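Both complexes below contain chain A, partnered by chain B and then by chain C.
Let's look at the complex of A and B:
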């Protein structure tokens, strides 16, 4: 069945933030674009929902952490309703003895760190500068499309890396070479002595990953994530939750003429003579376009919608190998008042709060996770969005959003048996810092990795469509043959978080994929 | 006054190799060893009269063919026996054997999974490709990227160019082999838990990582280091030196002496003699002083610099950096004499792979639990056990009809979180290992006529390996290549002029036995003006 108006310049599959960003850029460049989203709602893991009447919260991701300002400006998101509840969300490590550590180099914040350890306060400033210098080596690779596969370009990039490394100076280069392949835990043990500072800094780089703090390669991941974050201005909170961010993106896309259809799952991508020609929906509708961009998981796109018969065996194998099991749960709570977090200044309730008392507690949590269990000493990232954004809850009341690290996809003995035990553990751990939390809870919703998979369409419950580890970064993301948004099929592109530079809410894969597609099309 | 061109401190495999290369280059070299027996961890002993076995090592060897040939070790009495790769005993009475012959091996794999028999060919090909790359890297001189000179800079640019020439998918495989966990990589190839547990147990014997740790996949390559592409496509062979690893040490010593060098046992070095910041010789425990133009240490980094030097002679901050070098023991040794041939339930007694040893690992989960115990510094409850019965292939090791069984127990911590390795706790470990072996060999316990357990602190005390670390420093990426033994001090030179490190603490460490000795010898021979 073919319906009128079924022909477009480009079709974007998937209405998550990357799909919307790609569609908007294409639309802005004057292309006629159709965007298809399988579920009834846009946004994927970026959503604002009611967890109880009149309590609304970002049910999935809760902070905008890595989007460059340029994308916001290009797409005029402010004009389309994007408002920040907080432009700079500080990060605070919660202390059991009420001496909370703010991740900042402001004098007053360092003063508190000095109370834990004078040496650590000095070392912290040096450490931040050093991590920034390391990240600066990678930033150019992160915010731009990777150099093309041609040897000349790759050589130029590698040579540039050698040069910038040379410019770092021999002492810092030496520590860079030694530390990069190592673990973030060993690095932090080398630099600091305060257990809380080490635990929280490690959690900051491990959130969403399946590695423990002492796993080799975690320093590299930390540097990479730092580079990704440095490309933006750090975590921000959106007024109305991340659902409102999606609304603004959708409005921007629509203003550029993008046609958006929800509840329109793509059954297959139409291929003729090795080139994408359009798509067919589950309902049997056919839409044609010379450009098809998919923000779905690379495996779902290439094996599900394209099919292995169009791919060579090596690529099929690599797609199966993409490692993407989740490691976090999300607990959303409705509270009848602001809980008292002991020792936390009133202005800091709107911050991003980290619970990770030490590297040992993180490592223990990881050991449990590895064997399909969870720790009694949980590591968490907490926000109370209603502090910055009162309308999310009834007057005087609040919502709290908690990401719990190291929760396995499958629990030994099954989740049926363990779900309540996990909720109890989370609330118990929270009570250490906020003794009145239990009395405040009026409603709550726990999402385990399988729930995240089902609800947001993220395989394994992994946020990133594939772990952010070296073997799945840069020119290996999501697979060497697919690393530059292009696929072996002419006209088909990947534009989701599974593509370079990957996860965090950056919009960069969408932007860079749209650019790559238009560049090729312009040439053709 | 006794004077030589070079003195080598320590008669371990690397020290002997260094001395042998130097002697062949025409240098007047003297090797001094503290113990009465050469070989350090390779040393053998009699557990009972007539029962000879390696005291610390398992008894297999993976000496590079190049070193065997260069030093003409067969001429000096070394006989290497190549046997099949061994048998892993699996839960429920099952087993998996490794065969050198490709057809036999694939048939064996097919018993567990037909699909995996196909996958084996791919796995082997990819391993050999990765190993070829590693061997090429090891054959090049080590460059320290942080040392600022035009030539290293040029070298780095050239290396970047060469990397760019590689097809990206080959590069991807390379990155995966060096960064993934053993479990993740094996899952990509195989479906049979039996095969995966077997391969992981072979690869991670003696490693300080577990099968789920990132970077543990690279240990899978180690078994293929001495394999050649042309071989018949089976599993890598196990190499057993006749007479035990001690025989390698003896052949190396014979090679040194035959080329005009000297070997002196029971000569303990207490100090390196220094004048004007340069090494001039060594002082022995008996008060004797021996002088030389170059001094090489086969001791590990910590023992070398913390024990042989007055600290004030070392640069500021150096001692602290040496202190941070990570050395960790993971392996205990249990030596057993048996009055009859042991048998293993479910395994045909004439299975040729039994010559390559027997392994008890169970599953990767079980191995990981043992690794967790090691990290928590408790004796492993589910240790990975490797048992070699060298007397099956070398009848001279035990009286007629009797045997010696050499057992390596992995994931045994050198220090316990709640105290020391008392003799009771050592006995408990020995009992646990015997009990686990007996589960698969019911008559084993009654056949034991002697048993001795050595934990990492015993190994440290007897042969001087700090923390009982056989690899003389953890082989993690931050302590490998240009980071070994430490960043800015890669290779064999040290802050003390004329003083060199030739032990496993130096590059390439455990990647290539004897490699550090050969590398240091080449450098010293050039410095001495001898043909390198």
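Let's look at the complex of A and C:
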């Protein structure tokens, strides 16, 4: 596409979902926006690809888990082609003895849990309510831009937090304060006795992270993720895979006048007198705008595109040390028929299936992962998207998407040696639940953390542009000076998943950064 | 000794086998034979690992020890350094009336090179380096992100892309952190570069006598390579005595020869060697704060309130807020118009003999803390560098100190009036003179 003019109101770097959301909001507010994406295709890790002729699948992320309704409405995504194949996708923990546990409080589902443990069935209802109440405390911090780092605002926010916590009653407040810094493993051990239930609930907290189930602070992660999830309407599957979601976002952005260019990598952000003035592409083109929003990794943006000489050395160092190597692999399979998962009701094949037999097996997998190895007892999140969205595969056939937790970025002895061993392990583990899986596989594609890094531009293969751990959340995300989307450079904003509230596919960093940029610009 | 005994005891109890014992005696011929067969035996021993040794000596240690009449030593950055060589009064007299020679090799020295060296330093220090040309030096301060001073020092430009930063305390980790993303190499050359300081009114005359042609034309803060007895020596007109003075930067292997030569030539001029106490006295007279003593670096202070901005340390002239970015610029711009929390000041205490005290008092109580004390023989005053609470400074405040004066078993408390002095207590005009004064030896 030819660009008639080289001057814009705003330039958005990166065409992942957060970049698109930011650009769309800016466009919707009447700004002239240019969006530049380095790779030939928009979407980053949200992509639908053919893994074998006529078998299409979301190659990266496979569920839309945390996007608030409001963004969908504001951007009129339905009008631009967004169709859900399934809403509120249920979560089911797969059991080796065919007594699969559905994460729900419906009486029939609790009945199965009762078969594992009557006490757990009671405790589960209470546990869910308690986690929801905890998450509700954090929700205002998650869906809004954070208060500025100033002591006064911070104090006001904390005071508000404490007040609303006190409303829960002093006993709950006490348990909240006691449990929050602890580990999810200890918490679950306290509450439940069924190993499968504990394992699966912990996996829900730990997916994509590099922490073990007994790591301090993982309870906060659980509550935080719960808060993000509660801000949306539960996990959803998109018709046509997540690539179609990106298509809808791009169409929405275009309808607001956003000019989108792919294969346009930004070489540097132009800085004049401490303010962003525009960008220069790798091809040498220069585009000017008083607002530049980058959804790229904070390190790539600040160290690569801005350059250390425009930044303080302490900030440079903190960015340089953002911890972000990945912990997951993705296996996409084409199947010539629906595998039989023993004991699973036919309606539940479209669910989100978790494989995590116990906390011990998770902890063991984590220990292996720490030493650049993977466990023989793998923890997995599985979906069979074609159950809800038949056109993804030829009639009667299916695609299966598997996220494998605790796969190291580098394997001891190299991935060359270990890649096939990992595939065998995954298929072996699957066959415990679906004995016919081996015969069904037509084609497959395994993406290790380095592949995820290369293919989707996610440094280290980490989903979140920096771990979602206690020291990299809220006003510390991605670094104290860069929280609240603003940077020390006037006119430059960070709008990617590296910014608050972080990962999960929420679009919130994009929305909130666009709002912050327009607020500052309006004032100036 | 005890080791020996242990071995003896052990061998006592073992049945001796004379034949084998003899055959185990060192057989030189056999070893030579072995060496011929196995050259590995002659390989140099592995080098000492870094930081293996805590007590270091400078390349000039033996020469300096020769000058010592007191055996009073102290340590400076881990190096054994003379505290007083003869006596402080004599050393001081030589410094202010002739010249004093001292070994300042323990100064921390960093070599900074690379394509981005200039850009790196531009971001590191608070001052403007645009006018720093090759063979010149300039005092610099450097801050962290909050605008608090990490350290200060002297920056030499030795080549287009080669610099030397000389500081009082080590800063390697901060220098390396600041190098992230820059094509620059930072190395600590403290132990591989010896430095001899020659300060005093006759210092130029002595160097001239030593054959350093046109040394008198060297401008303050400038440096130049000279050839002394076939040894390359980099001479800079720098030092912290507040007077004319030079520092000579030389290879450690050559340093002893240069020292001997300077002692030989300088002695007839009345020059003497000086220790660390003299250096401290001279810098307090010159009003120069020392990092780690008079102020805490940003990373050394546990409480950020005890670290200082350059404005609080009197380094305002080392800061240029209107130039391109440097670390701490944003923070310093924000505090530019805010009154300082405390200030570092030179103070004079009118008393005829050396006093010991820490608290600077005013009518309301303790107004500040004195961190360096010195009795200046030339001024007949006690001098101090003190950090004063900004609330105590309003022009009219009368300060005093309460000193404990001990005479054998007699202890008395003395109240002595103290006042802030603007600028250095002792500033000798010769430090600016170009050409520097030369006095021919009579």
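General remarks:
Heads up, the rule we're going with is that the second predicted complex is superposed on the first by the 520 of 524 C-alpha atoms of A that agree within 3 Å, B and C clash if a C-alpha of one lies under 4 Å from a C-alpha of the other, contacts with A are read in each partner's own complex, and residues count from 1 in each chain.
Convention: contacts are C-beta pairs under 8 Å (C-beta built on N, C-alpha and C of every residue); 3 or more make two chains touch, one makes a residue touch a chain.
Source: prediction; values computed, not measured.
When the shared chain is aligned, chain B comes close enough to touch A:469, but chain C does not. Once the two complexes are overlaid on the shared chain, A:481 sits against chain B and chain C alike.
In the superposition on chain A, contact of A:316 is made with chain C only, not with chain B. Taking chain A as the reference, the larger set of touched residues comes from B, when chain B and chain C are compared.
By the document's definition of touching, of the two partners only chain C reaches A:274; chain B does not.
When the two structures are aligned on the shared chain, A:117 is found in touch with neither chain B nor chain C. By the touch criterion defined above, A:99 lies against neither chain B nor chain C after alignment on the C-alpha atoms of chain A. Looking at the shared chain after the overlay, A:307 reaches chain C, while chain B stays out of its contact range. When both complexes are overlaid on chain A, the residue A:181 reaches chain B alone and has no touch with chain C. Residues 314, 317, 320, 481 of chain A touch chain B in one complex and chain C in the other. Residues of chain A touching chain C in their complex: 274, 303, 307-317, 320, 481, 488.
Residues 149, 151, 154-155, 158-159, 161-162, 165-166, 170-171, 173-175, 177-179, 181-182, 186, 190, 211, 215-218, 314, 317-318, 320-321, 323, 367, 370-371, 469-471, 475-476, 479-481, 483 of chain A touch chain B in their complex.
Those residues of chain C that touch chain A in the complex are listed here as 119, 122-124, 144-145, 174, 177-178, 180-182, 324-325, 327-330. Of all residues in chain B, only 145-148, 153, 156-157, 160-161, 163-165, 168-169, 171-172, 175-176, 179-180, 184, 188, 209, 212-215, 324, 365, 368-369, 372, 476-478, 482-483, 486-488 touch chain A in the complex they form.
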